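Just below sit the structures, each encoded as structure tokens.
Shared between the two complexes below is subunit A, which pairs with subunit B and subunit C, respectively.
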Partner chain A sequence: MAETTRLPAESERTEGWRTRAVARRSTRAWRVRGSAAVVAVLVLAVLLVPPFVQLDQQAVDLAAKLRPPSWEHPFGTDDVGRDLLLRCVYGLRVSLLVGVVAAVVATVVGTAVGALAGALGGWPDRVLMRLVDVFASVPHLLLGIFIVAMFRPGVWPVVVSVALTHWLSTARIVRAEVLSLRSRPYVDAAISGGASRYRVAVRHLLPGVLPQAGLAAVLMVPHAVWHESALSFLGLGLPTHQASLGTLVQTARGSLLAGDWWPTLFPGLCTVVATLAIAGLAGAWRERLNPRRRSELML
Partner chain B sequence: MSRPPWGPMARLAGRRALFAVPVLGTVTFGVFAIAAASPFDPVKAYAGTAGLSASQRTLDQLRANLGADRPLVARWWEWLTSAVRGDLGDSSALRQPVADVIGERVGWSVLLASAAFVVAVLLGTLLGVLAARRPGGWTDRAVTSFAYTLEAAPPFWLGLLVIWLFALKLGVLPAGGLTDTGSTVVTAAEVARHLVLPAGVLALSQLPWFVLYVRQGVGDALQEDPVRGARARGLAERTVLTGHALRSGMLPVLTLIGSRVPELITGALLVETVFSWPGIAAATVEAATAVDFPLLAALTVLATIAVLAGNLLADLLYGLADPRVGFDG
Partner chain C sequence: MLELRSVTAGYDRRAPVVRDVSLTVSAGEAVGLQGPSGCGKSTLARVAALLHRPDSGQVVLDGETARGWRHRAPRAQRTAFGVVFQQPRLSADPRLPLAELIAEPLRSNGRPTDGVRELAETVGLGADLLGRRPHEVSDGQLQRACLARALALRPRWLVCDEMTAMLDASTTAALVGVVEAYRRESGAGLLAVGHDRVLLERWCDRTVGWAELTSR
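So, the complex of A and B:
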């Protein structure tokens, strides 16, 4: 909005823009605070409810099956009378656990590949980046489906398949960061001062790369949760008795086709809320790390 | 526009085709390597329940007949050479040649995907322009929030909710399939009615990216000189928006459609399954559930080809739209 030639008649409009920009900044601050609060509530719920609340998520109560949402059961009950709020908390716990583990594995792999490619340069760089290109040309969910189908059943195939399809962007980001750090004067100074390759890598390159890698890891969590729930929904991920955000939607299909909407609605809403909150927090962090890059899509 | 630069475009396509050979080789080898490392046993898969009672000698004979006792590289090479000749093997789950499965189903998937893309482009352009008109205004905030929320929503969940609303509650549209149950002929009218919900959900799943990019493109274009010039000439806001800003803001977005093939395939895998659409993505999920390796391998390669072709298309269109970019990639 920084324009030097502006007609006097437009000055009022400029004022309008400015106040709007201020308002926008403050709504953004509120959005970050809201995201932080939601993430805090969800994390506390999945950490504290299972060990401290003496309710059995598997408790079947056939007398209370398929009750619509009420004060007693805020999310209603499923087709065998299990409380859906409790099932959703347990499902979120499993999905977040799978998502976080997969994101950490993917980040470690991506950082290692990206750092190696950026630090070594030459033909190792070309080979590794071609490998990234090859992986990128297979649709993620399809590769995930293939891996899970071959190694079913279990939690680990899901974690590995999500991790294997998500390290590519981290590798690209880390490589670019290493390349830019390598040309900094302090790295030149360290090299001419006689520092070993290992020391340059560990003392000078790695610390500069870590924030970007950490951000990539956080941004990856909602993605990984999304992938897990898609695989589980297709019946290829976690076993159906294991509550996760995907299996809850999958097992609710029968009830939905009979006209009962709540067993389908609430697990999906949990996915949406968790994704938006985590992405909102990560987005604020990204703006701080890369202020000049306009954040487009959050995922 | 003057005559398109066919020469450089053909050279780009040729280079990409050459690059596709090692990529496809690596992908197929990777697929075989994953299968070899997995507990999956092609002999048991082929024999099915009969394998449980068969003697070890029969099983060994079968293993030799299937060639499953040979090393990984040999099996991969044999598959690759027969695939090049058009023989993709037989699907164990659907009991028919893989090539027939693909041939029967690919048309329905293309129909679904094209319908979804048309809806996504039209709706996305409309919402994106509305949002770009006043950055930070309430329309912009509503559209942007909607796009983010939609991006976070799993397509299979949206599909189920849509089925609940339109097929069960309102009873206006069918819940899935290609034709009504019991009908033996496929008529265009029936297919169109069955297409509405899956195409709509697939379009919704592709919409967020499109809305946000159009918003960005048109918003940037509104700050550029041609638009300011048009405003200074006193042209109507509508003319400025659709004639000047939309044109320069949309072009880069339209060209990028080709690069969205992976996301489209991901969406199709979920949407076709939810709506029992008889396309190729639903067959992929069926093949995975039944551990049908020949079909899965062929479909993975097909998807990879689609992604590479989409990337090529995007680069060609981008070079055409913006001559400064050229065809060097």
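So, the complex of A and C:
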């Protein structure tokens, strides 16, 4: 009895705690390594397959339409006999391009607006932040649909639509960061030393917000990929002949109803795996920047 | 001569921290401003150095009334003050090595920066520390660098806001010695803000208590 109710000795307790902490740290490390490996494979595939693999992703082979996954076609074929693995690689290429460009544009716009608002203060700050509020008051997918609907379907309207609806949170984060940096005594010291507004902004404020802005950009890539998919799935994004993760799922809907699952599953899986991997890397970066905040996925 | 004339200042117009305070620092004089923490003496020091716009009242520099604060102050007026703050960690940009930190005011004014090593020497910083970033040096070493930065433009007034509150006795003595050496050589005035009455009375020509300033 006495044996079973014995409290673990101090050393045992700390030992247990330590092993758990080590285990947690190592699963985190493996998650980061896994994400990095997936991202590396996908990026290499997207960059190397189109120039080096002499297969036409648009090649129609009606004799081989809607084949389930096999060694010849690992992801199966679609309703006109195109190889889905190849289509997925091309689709991922377009989706990642849209995602990265849109995220970079959104971050540049957001950082510029946020930095201006924070650094200038007064009425420019109020005007810019009310502008942000106006944009934020409309559901952003709806606003995105509205923007793409104004143009002919193509890659650039999607980029513009995603970028114009996603700079808001970056603007808010950067403004808050600039406001906090602006009240630091070292900015006072710089002003007392005769530094101009421009010099304070470029020398002291901007370098302070760049890590946050860079992180926001990476966090936004998976989100932008999802938006491209959503817009294309709704038939508003890319034209259907252009493979992207969204258009692939959209064109596969018909065959899904007929019981052919692979044309929907594999592009969908590609979207999920690619975005989770990028988000995993971004999360690790955020944890390094701001260790106290637990990382959660932001999609 | 530096004159603060019935200055009222704070962070909320309805509840100013400093009410109707006047203070004069004559040419070459060292004035200590002593008071408990949170009473508003730092705010007053920031107003004096043109870093905080008062709600009302005037700051007069050698007969010239200050019209603007912070960036709105003419550069010549702003740089007439060398300011040293209480917390060296917060008053140094964490990205700049000490040499850059000290050179910052010189660069901002387009002046040559070859005097940095000499400035560092006057505050007792060895050349080996100049390449380090703020997190790689101690508080005392960082405060020495901040003092060197304040002296870089050879200001007419030094404003030391609790300059030595974070430091040990020997560093305090060394930094006060540096300030006094600079004042002897340049004839600069000093406004030293602190809560340590003993230190201020030994350091300054006269020490004013916060209560005396506000009770008039």
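As a convention for this text, the second predicted complex is superposed on the first by the 279 of 299 C-alpha atoms of A that agree within 3 Å, B and C clash if a C-alpha of one lies under 4 Å from a C-alpha of the other, contacts with A are read in each partner's own complex, and residues count from 1 in each chain.
Throughout what follows, a contact is a pair of C-beta atoms (placed from the backbone, for glycine too) under 8 Å apart; a residue touches a chain by one contact, two chains touch by 3 or more.
Since we're looking at a predicted model, the values are computed, not measured.
When the two complexes are overlaid on their common chain A, residue A:R184 makes contact with subunit C while staying clear of subunit B. By the touch criterion defined above, A:P207 lies against subunit C but remains apart from subunit B after alignment on the C-alpha atoms of chain A.
Applying the stated contact rule after C-alpha superposition, one finds that A:S137 touches subunit B and leaves subunit C untouched. Once the two complexes are overlaid on the shared chain, A:A149 sits against subunit B while remaining clear of subunit C.
Contact with subunit C, but none with subunit B, is seen for A:R197 once the two complexes are overlaid on the shared chain. Between subunit B and subunit C, B touches the greater number of residues of subunit A. Interface residues of subunit C, counted against subunit A in their complex, comprise 46, 49-51, 70-71, 75, 78-79, 81-83, 85, 87, 90-93, 95, 104-105, 108-109, 146, 149-150, 152-153. Interface residues of subunit A facing subunit B in the complex, by the touch rule stated above, are 20-21, 23-24, 27, 133-134, 137-143, 145-152, 222, 226, 229-230, 233-236, 246, 249, 252-253, 256-257, 259, 261, 264-265, 267-268, 271-272, 275-276, 279, 294, 296-299. Those residues of subunit B that touch subunit A in the shared complex are 23, 26-27, 30-31, 34-35, 38-40, 136-137, 141, 148-149, 151-154, 156-158, 160-161, 163-164, 168-169, 175, 208-209, 212-213, 216, 261-263, 265-266, 269-270, 273, 284-285, 287-289, 291, 293, 296, 299-300, 303-304, 307-308, 311. Listed in rising order, the residues of subunit A touching subunit C in the complex are 184-186, 188-197, 199-200, 203-204, 207-208.
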